[in-house]
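Sending over a structure as C-alpha cells; questions will come in a sec.
Per-chain residue numbering starts at 1, and chain names A, B, C and D are given in the order in which the chains are listed.
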Amino acid sequence: MNDFLLLMKPELVISIIIFLLLFIKIGKGMSNAGMLLLIQVLLLINFGLGFFKMEEGSLFGGLYKTDMLIAYQKNLLNLGVFLISLLFADWFKKSDHLAEFFMLMLSSLLGMFFLISSGNLLMFYLSLELASIPVAAMANFDLHKKIASEAAMKMILSSAFSSGILLFGISLLYGATGTISFDLLPSVVTGSSLQIMAFIFLFAAFAFKLSIVPFHLWTADVYQGAPTATSAFLSVISKGAFAFVFITVLYKIFQPLHTVWFNLIMLLSVVTMLVGNLFALRQQSIKRFLAFSSIAQVGFILVGISSNSSAGTAAVVYFVLIYIFSNLAAFAVAGTIESQTGKESVNDYKGLYQTNPFLCWMMALALFSLAGVPPTAGFFGKLFLITAGAQNANYLFVIVVALNLVISLYYYLRIIRAMFMDKNEQPIQKLMVPASVKLGLIICAGGIVLTGLVSWIYDYIQLLS
Amino acid sequence: MPNATYILLIVLLPLAAFVLLGLFGRKYFNQSSGIIATLLLLLSTALAFYTAYGYFFEYGKVDGVYQKIVVFKYTWLSFSEGMSIDMGALLDPITAMMLVVVPFISLMVHIYSLSYLKGENRFATYYAFLGLFTFSMLGLVLSSNIFQMYFFWELVGVSSFLLIGFYYDKPSAVAACKKAFIVTRFADLGFLIGILILSGYAHSFDFITIIQRLAEPEAKEAQAAIAGSFMGISALSWGVALVFIGGAGKSAMFPLHIWLPDAMEGPTPVSALIHAATMVVAGVFLVARLYHVFSMSHPVLNLVGYIGAFSALFAAIIACTQTDIKRVLAYSTMSQIGFMMFALGVSGANTNQGELGFTASMFHLFTHAMFKALLFLGAGAVIHHIHSNEMKDMGGLRKHLPITHATFLIACLAISGIWPFAGFFSKEEILLAAFEHNKAIFYVAIFTSALTAFYMFRLYFKIFWNKEAQGHGEHHGEGGFAMMMPLVLLAMAACAAGFIPFGSFVSSDGKPMPTELHLTFSIAPVVLALLGIVTATWMYKTETGKSAKLAASLNGFYKSAYHKFYIDEIYVFITNKIVFNLIGRPAAWFDKNVVDGMVNATAEGTGLVSEK
Amino acid sequence: MNLLLLLLIPLATAIAVLLIPGKTQVRWTALIGAAAQLVMSLGLLYAFRAARLSGNKAQVLFEQQHKWFPNWNISFHLGVDGISVSMILLTAFVVIAGVLISWNIEKMTKEFYFLLILLSLGAYGFFMSLDLFLLFFFLEVAVIPKYLLIGIWGSGKKEYAANKLALLLMFGSALVLVGMLGTYYGCDVKTFDMVALSNMQIPVDVQKICFPLLFVGFGVFTALFPFHTWVPDGHSSAPTAGSMFLAGISMKLGGYGCLRVAVTLMPEGAREYSNIIIVLSSIAILYGAFATMMQKDFKYINAYSSVSHCGFVLLGIGMLTKVSITGAVMQMVSHGLMTALFFAVIGMIYERTHTREVNDMGGLMKVMPFISTVLFIVGLCSLGLPGLSGFVAEMTIFVGSWENADAFHRIATIIACMSIVVTAVYILRAIGKVAMGPIKVSYAGLTDANWYEKTAAIILIVGILAIGLAPFWLNDLISPGAEIIMHKISPVITGIK
Amino acid sequence: MLTPGLYHLLFISSALFFIGVYGFVTRRNLVTMLMSIELVLNSVNLNFIAFNKYLWPNGLDGLFFTIFIIAIAAAEAAVAIAIIINLYRSHNSIDVEQAEEMKY
C-alpha cells in the first residue's frame, strides 16, 4: 500500500486536485481570480511534491512502472502546467469555465503521466486516449469562435484516426508476438515482416501525435484555432510527453528493429525540420508561426532520438525542459497580446517595442532560445541534440541539420525585426501585464538563461537516463 | 668612435619639433613655432656637422680606408634568426656627406620660411611637417638596415605628400599631392619586392650583411641569387632592378617622373628642400648604398645608366618650353638627377677599385643640392615679390631684387657647369666617367649639358631682364634678412663647394680617389655650355620675337615638349580607362551582382520554396 | 591573474546597465565598465609578460578549468597565450572607444549599451576559451547583438543588412559546428578540450574533412572570399559603434578561430588546403582593394577595404610560416584598431555632414581639424605607413610569406604586395575628397570633435602608435604563440617534402 | 459448412480497416468520417479477438483490449459528436469543406 502511494504519487496528487476542483465547482464555486490563485498554489505544491522520493518500481503486475527518469519527466510536465496556469492568467480570468478547463487539462496531464509510466500496450493505449481526448475539448473552449470549433474538430478527428492506426498496429504486433507487455516484447520482436508492418503503423500514430511530417497537417490549424493556452499545452506538454514515450517505445520495444527506424527517423527529422522551417517562413499568424516552428523543433528532437543512446534520451529530456520554458514564454506573450487586443498577426507586432518593452524582451529571449542562440538554453538544448544525433550519422546529415538552424534563425528574426525594428504608426497600445503573467515570464526567462549555463541540470538528467 | 647619443639626437630633434608643434603648435605658439623649430634644427645641424667632421677627419679612416661603422642598432622587429628590422645608424662616407647636405639645406629652408610664410594661418603645422620630413630624411640616410630605409623612405613620401598638399583647399595642390604619393608608392612596390628578393637570398636585412653576402661573387648566397632565375633573368638582377624602380620613383626618373612638376604646388621653400635638394636624391642615394650589389648585375647597371641619361635629356627638352618658373626648375632637377643616375650606371665595371662614376655622382648630388636649393629659394623670392609663377608676369626684376639676382646668377652659372662654380667640377667628373665607359651616354650628356645652360639662362633672362613687368612699385622688397641670408650662404656654398677634394672623402671602396681636372677634356663641355648661354642671351635678354619664331619652326616638337610629351595623358588613360574601368568597376560590379547575388539568390530561393 | 574576472566585469557591467535608470548614468556605467576592462587587459598583458620573463614556458598561462557538462567532456576551460592576450587587448581598446563614440545615442540608450557590452563579453570569452564548445558558445553569443545593433540603430538598408549578416554568420557557425562535431567523434578520445585535442593526433581523414568546414566556417566571419558580402552591407548599415565592433572585433573572431582551431588542431588539413586558402585570400586582397576604389559611400570604402585587409590575415595564416602567422595576428590587432578608428571618424563626419557620399564632401580640414587629422592618421595607417600599425603587420606578413621559396607562394606574395598601391589610391582619393579641397558653404558652420569623440580617437591612436612605433613588444607576445603552432605544423610540412 | 479461420477474419478486418481509412480520407461529412473511424476501431477489435482466439489462446490480452477499445470509442465518439454539434451551431453545416476559416 505504501508502495502504491509512493510510486503513484504524481498521479494521485493530480487526481486529488481534479476532484478538489470538481467539488469546488459543484459546491458554491469561487471567483475566477480566487480559483485561479488556488489552482496556481495547488499546482505549485504538486510540482514541489514531485521531487520527494523519486523511486523506481512497478505496480499492477507491470502495467505501471516508474523510475527516477520517469519521475523527473513528470516533474517537467508538472512544471509546464504550473507555468501555463501562471502565464495565461489573463485569458483564464476572463474565462467562464476556468475550473473545467483545468480539470480537462489535468486529466490530460494525468493521462500523460500514465502514458509515460505505462508498462503495457493496453495501459499505453488507455492513457494515450486519456491524454488526447480532453485536449479536443480544451481546443473548443472558446465556444463562440468559429475557428475554435474547427480546430477542435480537426483535433478530435485526427486524434481518433491516429488512435485507430495505432490500435491496428498494436493488434498486428499482438498477433505477431502474442504479448502486449513492454517487458516481454523486446525478447520476441525479431524483425519479421509483420512486426515491421506493425511498427510502421505504430510509428505513423506517433507521427500524428508529434506532428512529424507528413502527418503534421492538423497542427497549424489546431494551434491557430484553439485558445492560446491550449495550443501552448499541446505544443509543449503533450509534445514532451509523447517524445518521452516515443523514446521508451523505440529504445525498449523496438530496439531489435534499430536499423529500420534509425534511417527512417533520420530522414523524417530532416524532412520535418525543412517543412517546418520553410512553412514558418511565410506565416502571418503568430500562432501558426509557432505551430510550424514547433514542427521544426520536433525535427530536432528526432535528431536526438536517432542517436539511440542514453545521451540521446538525456538530450531530449533536457531539450523538452528548455522547450517548456521557451515555447511557453513565446505563447504567453502571444496569448497576452491576443487576449487583450485580439491581434495575432506578425504585422500587428510591428513597433511593439516602443510600447511594451518587457513583453518584447521576453518574446525575444524565447525566440532566441527556440532558435538556439546562445547564451540562451536553447543553444545547449539544440547542440546536445545534434551532438547526440551526430554520433551515428554522416556529415551530410549533420550539415543539413546545422543549415536548418540557419533557416530557422531567419524566421525567428522576422518576429524580432517586427517588434524591434519596424516602424509602425499605430503600434499595439501599452498592455497591462498581470502580475502572475509577469512572474511566469520571469521564471521562464530565468529558466531560459540558467538551464543552459548551469550544467548540473543536464548532468542530473544524464545521470537519470 | 662616434657618439651614439649625438647621432640619435640629430634624428630625434626634428622629430621633437614635429611632435611638439604638431600637438601643441597651433594652440600655444603659433608664430613662435618657426623659431622653435629652427633652433631645434640648428642644434641638430651642428651635431650633424660635428659627426660628419669626426667621421671624415678623426675616426672614419682605418688604414687609409673609410670604414662602414654601425654606431648603434636596436632590434625593432625580429622576424627570425638573422632576419630583423633594426633601427640603427650606419656611418660611411656617403652618409656622412648626406649628414652635411640634409640638415644644412633644411636649416636654410627653415630660416627662409620664417619670412616666406610669415602670417600663414598654419605656420606651426608647416614647421611640424618640415620637422617630420627632416627627421625621415635623416633617418633614411642613416639607415643601417634595408627595411629601416624602407620605413623612412615611406615616411619621406608621406611628409612630401603633406607638404605638397599644404594648401589643402587648392584643388590643384590636392591633386598634386595625391599624384606624388601614388606614383612614388607604385615605385615603392618595386622597392619592397626588391627588398624581399634580395633579403630572401641574403637572409638578412642588414645593409652590411647584404653587401657582404651578395656583392661577393664567391659567397654562396650571391651564387644562389645569380643562379635563381625567373623569366630568364637572374634573381639578383630582378632584385636590384626592382629596388632601382623604387629609387627611380623617388628620384623622378622617366617614366615615373610625372609627379615632380606637379609637386611644385607646395610652398616654394618646400620645393627647395624636398623636390630639389634632398628627397629626390634619395633614389640616387639608394642606388649608391647598394652600389656593390648593383655591380653584380651589369644589365641593371646599364638600365640605370640609360634611364638616367634619357631622363636627363628628356627633362632638359621639356624644361626649355615651360613657362612656369618652378616647373622649369623641376624639370632641371629631374635632368640633373638623371646625370647622377647615369654616372652611377656607367661605372661599376669592377668592385675592386674606386669608381669615378660613383664619386662623381655623389659629388654632383652634393653640389646640386647647394645650387638647386639656391635656385628654388631665389625663385621663391621672385614669386614672393610678384605673386606669380608665370614667366609672362616677370621681367627686369634685377633692379628690384639685387641680391636675389646675384645669387640666382651664381646658381645658373653653377648648374651650367662654368668654372669656377661648383657644378663645373662635379659635372666634369660625370662626363669623364661617361666618356670612359659609354660613349653613347656621353654624347647625350654633353648635349644635355649644353641644353641645361640654355634653359637656365632662358629662365634667368626671362626673370631678371627681358621686358619690364608691370606695376612693381607697390610690391614689398626682397623679404628681409631671413630670406636673404640663406640665399647668400647657399651662393657661397655654390661657389666654393667645387673646390672640395671630394674624391678623397667619398669613393665606392672607401679609399681616396684621385680626381684631378683634365683641362683638355673640359674644353668641350664648357664651350658647349657657353654656346647655350649665348643662345639664350641672344634670344631672351631683351624681348624679341626670336623665341616665338623658333618655337613656331619646331611646331610639333615644341608643342609636344610643352605638353611634357603627353606622358600625363597616357597615365590618365591607364588609370581611368584601364585600372578604373576595366578592373575596378568590373570588380565592384562582380561583387555586387555575382557574389552578393548568389547570397541573395540563396535567400530568395529559400523564400520561394516556402511559398511553394 | 584570474581570467574569470575578464568575463565577470562585462557581465556585471551589462547587468548594471540594465538595472540603472537614466541615460547619463547608463553611459557612465558602461564607460566605467569598459575602462575597468581596459585596465584589466593591460594588467593581463603585464602579468603575462612578467610570467613569461620569469621563465614560465607553458603553452597557455592562467589556465583554469571548471566542470561544465562533463558528460560530453566539455569543460569551462580558460587560458591565454600571447595571441589571445593581444586579441583581448584589441577588444578592450575597441570597446572603450565604441562606448565613448556612442555617447550621443539617444534612442534606447540602455539597450544599446547592453548589447555592446554583451558583444564584448562574447569576444573576451571567445579569445580565452580553450574548449571548442565554449569557444563556439562565445562565437555565437556575439552574433545576435550585432543583428540587433544594426537592425535597430542602423541606417540605410539596415534590415536587409542585419539579416544578411546574421544569416551568413550563422551559416559560418553552422559549418564550424559540423567541423567541431566531426572532430569530436573522429578522435579516439572524445573531448572538446583544445589542449587535449592539440596534444593528440587527429586522424588524417578526419582532418581533411573537418579542416575546410572549420576554416570556411570561421572564414565567413573574417570575410573569406566569396563569403564576404555581409561585410560591406553590414558595416555600412551599422551604427558607428556597431561598425567598429563588427570590423574591429567580430571579424577577428574568425581569424582567430581559423588559426587557433582549424590550423592548430589540424596541421595536415592546413597543409592540404593551404594553397586554396592562399588563392582565395589573394583574390580577396586585390579584388577587395579594386572594389573599394569604385565605392562612393564612405562606409563602403572602409568596409571593402576591410575585406582586403582581412585577406592579409588569411594569407598570413595560409602561408604557414611562423613569421606569416605572427604577421596575421598582428594584422588582426592592427586592422582592428585601425578600422575601428576609421569607422569612428566616418561616424563623426556623418554626424555633422549627414552624408556619407565622399563626393558631396570637401575641405572639412578647415572646420574640423581634429577629425580630419585623425582621418589622415587612420588613412595612412590603412595604406601601411611606417610608424603606424598597418605597416608592421603587412611587412611581417610579406616577409613571412616570402619564406616559402616556390614560385606559387612568391607570386601570391607579390599579388598581395600590389594591394599597397591600390590601397594608396583609394585612401588618398577618399581623404582628398573629404578633408581637402575647397570647403562647401553649407559645411562652414560645422564644429570639431567633442570630448568623448576626441577621447575615443586618442585611445585608438595610442594603440595604433604603440604598435607602429614599437612593434617588438607585440612581436614578443605573438611570436612564441605562433612558434607553438608552427611546432605542430612543421613536422607535417617537412615530412611531406 | 466452412468454419471461419484466422485468415478469413483477418481478411475481413483488413478490409474494414481500409474501408475506414478510405472513408475517412474521402468523405466530407463529419459524421460519416466519425463512422469511418469506428470502422477502423472495429477492424482492430476483430483483429484482437481473432489473434487471441487462434494464435494466443492462453491469455486474454486481446479480449481485454477489445473491451477497452469499445469503451473508449464510445467516449471518443461522445466528445467528437459534441464538438461536431458545436461546429454545426457556428457553421450551420457539418461539411468539412465549409470549415475553412483558417488558411495557409
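Heads up, the rule we're going with is that contacts are C-beta pairs under 8 Å (C-beta built on N, C-alpha and C of every residue); 3 or more make two chains touch, one makes a residue touch a chain.
No experiment lies behind these values; they were computed from the predicted model shown.
Trainee: Going by average Cα coordinates, which chain is farthest removed from chain C?
Mentor: It is D whose centre lies farthest from that of chain C.
Trainee: Closest chain to the overall C-alpha centroid, by per-chain C-alpha centroid: which is it?
Mentor: C
Trainee: Decide which interface, B-C or A-C, involves more C-beta pairs in contact, and give its chain pair.
Mentor: B-C
Trainee: Where the centres are mean C-alpha positions, what is the separation of chain B from chain C, in Å?
Mentor: Once rounded, the distance between the two centres reads 40 Å.
Trainee: Averaging over Cα atoms per chain, report the distance between chain A and chain D in Å.
Mentor: Centres of chain A and chain D (C-alpha means) sit 27 Å apart.
Trainee: Calculate how many whole Å lie between the centre of chain B and the centre of chain D, each centre taken as the average of the chain's C-alpha atoms.
Mentor: Measuring from centre to centre gives 101 Å for this pair.
Trainee: On chain A, where are the residues touching two or more other chains?
Mentor: Each of 279, 410 in chain A touches at least two other chains.
Trainee: Scan chain D for residues touching two or more other chains and write them down.
Mentor: Residue numbers touching two or more other chains: none in chain D.
Trainee: Hunt down the residues of chain C that sit against at least two other chains at once, touch-wise.
Mentor: 163, 167
Trainee: Report the complete set of touching chain pairs.
Mentor: Every touching chain pair, ordered by label, is A-B, A-C, A-D, B-C.
Trainee: Tell me, which parts of chain D touch chain A in their complex?
Mentor: 17, 20, 24, 30, 33-34, 37, 40-41, 43-44, 47-48, 50-51, 55-56, 59, 61-62, 64-65, 68-69, 72, 75-76, 79-80, 82-84, 86-87, 89-91, 96, 99-102, 104
Trainee: Write out the stretch or stretches of chain B touching chain A in their complex.
Mentor: 603, 606-607, 609-611
Trainee: Give every residue of chain A touching chain D within the complex, in rising order.
Mentor: The contact residues of chain A facing chain D are 121-122, 125-126, 129, 133, 136-137, 140, 143-147, 149-153, 156-157, 160-161, 163-165, 167-168, 170-172, 174-175, 178-180, 220-221, 224-225, 279, 288.
Trainee: Enumerate the contact residues on chain C facing chain A in the complex.
Mentor: 67-72, 74, 133, 136-138, 140-141, 143-144, 147-148, 151-152, 158-159, 162-163, 166-167, 170-171, 174-175, 177-178, 181-182, 184-185, 209
Trainee: Considering the complex alone, what residue numbers of chain C touch chain B?
Mentor: 163-164, 167-168, 225-226, 228-230, 232-233, 287, 290-291, 293-295, 304, 322-323, 326, 363, 365-366, 369, 380, 383-387, 391-392, 395-396, 398-400, 402-403, 405, 407, 413-414, 417-418, 420-421, 424-425, 428-429, 432, 435-439, 470-472, 475, 479
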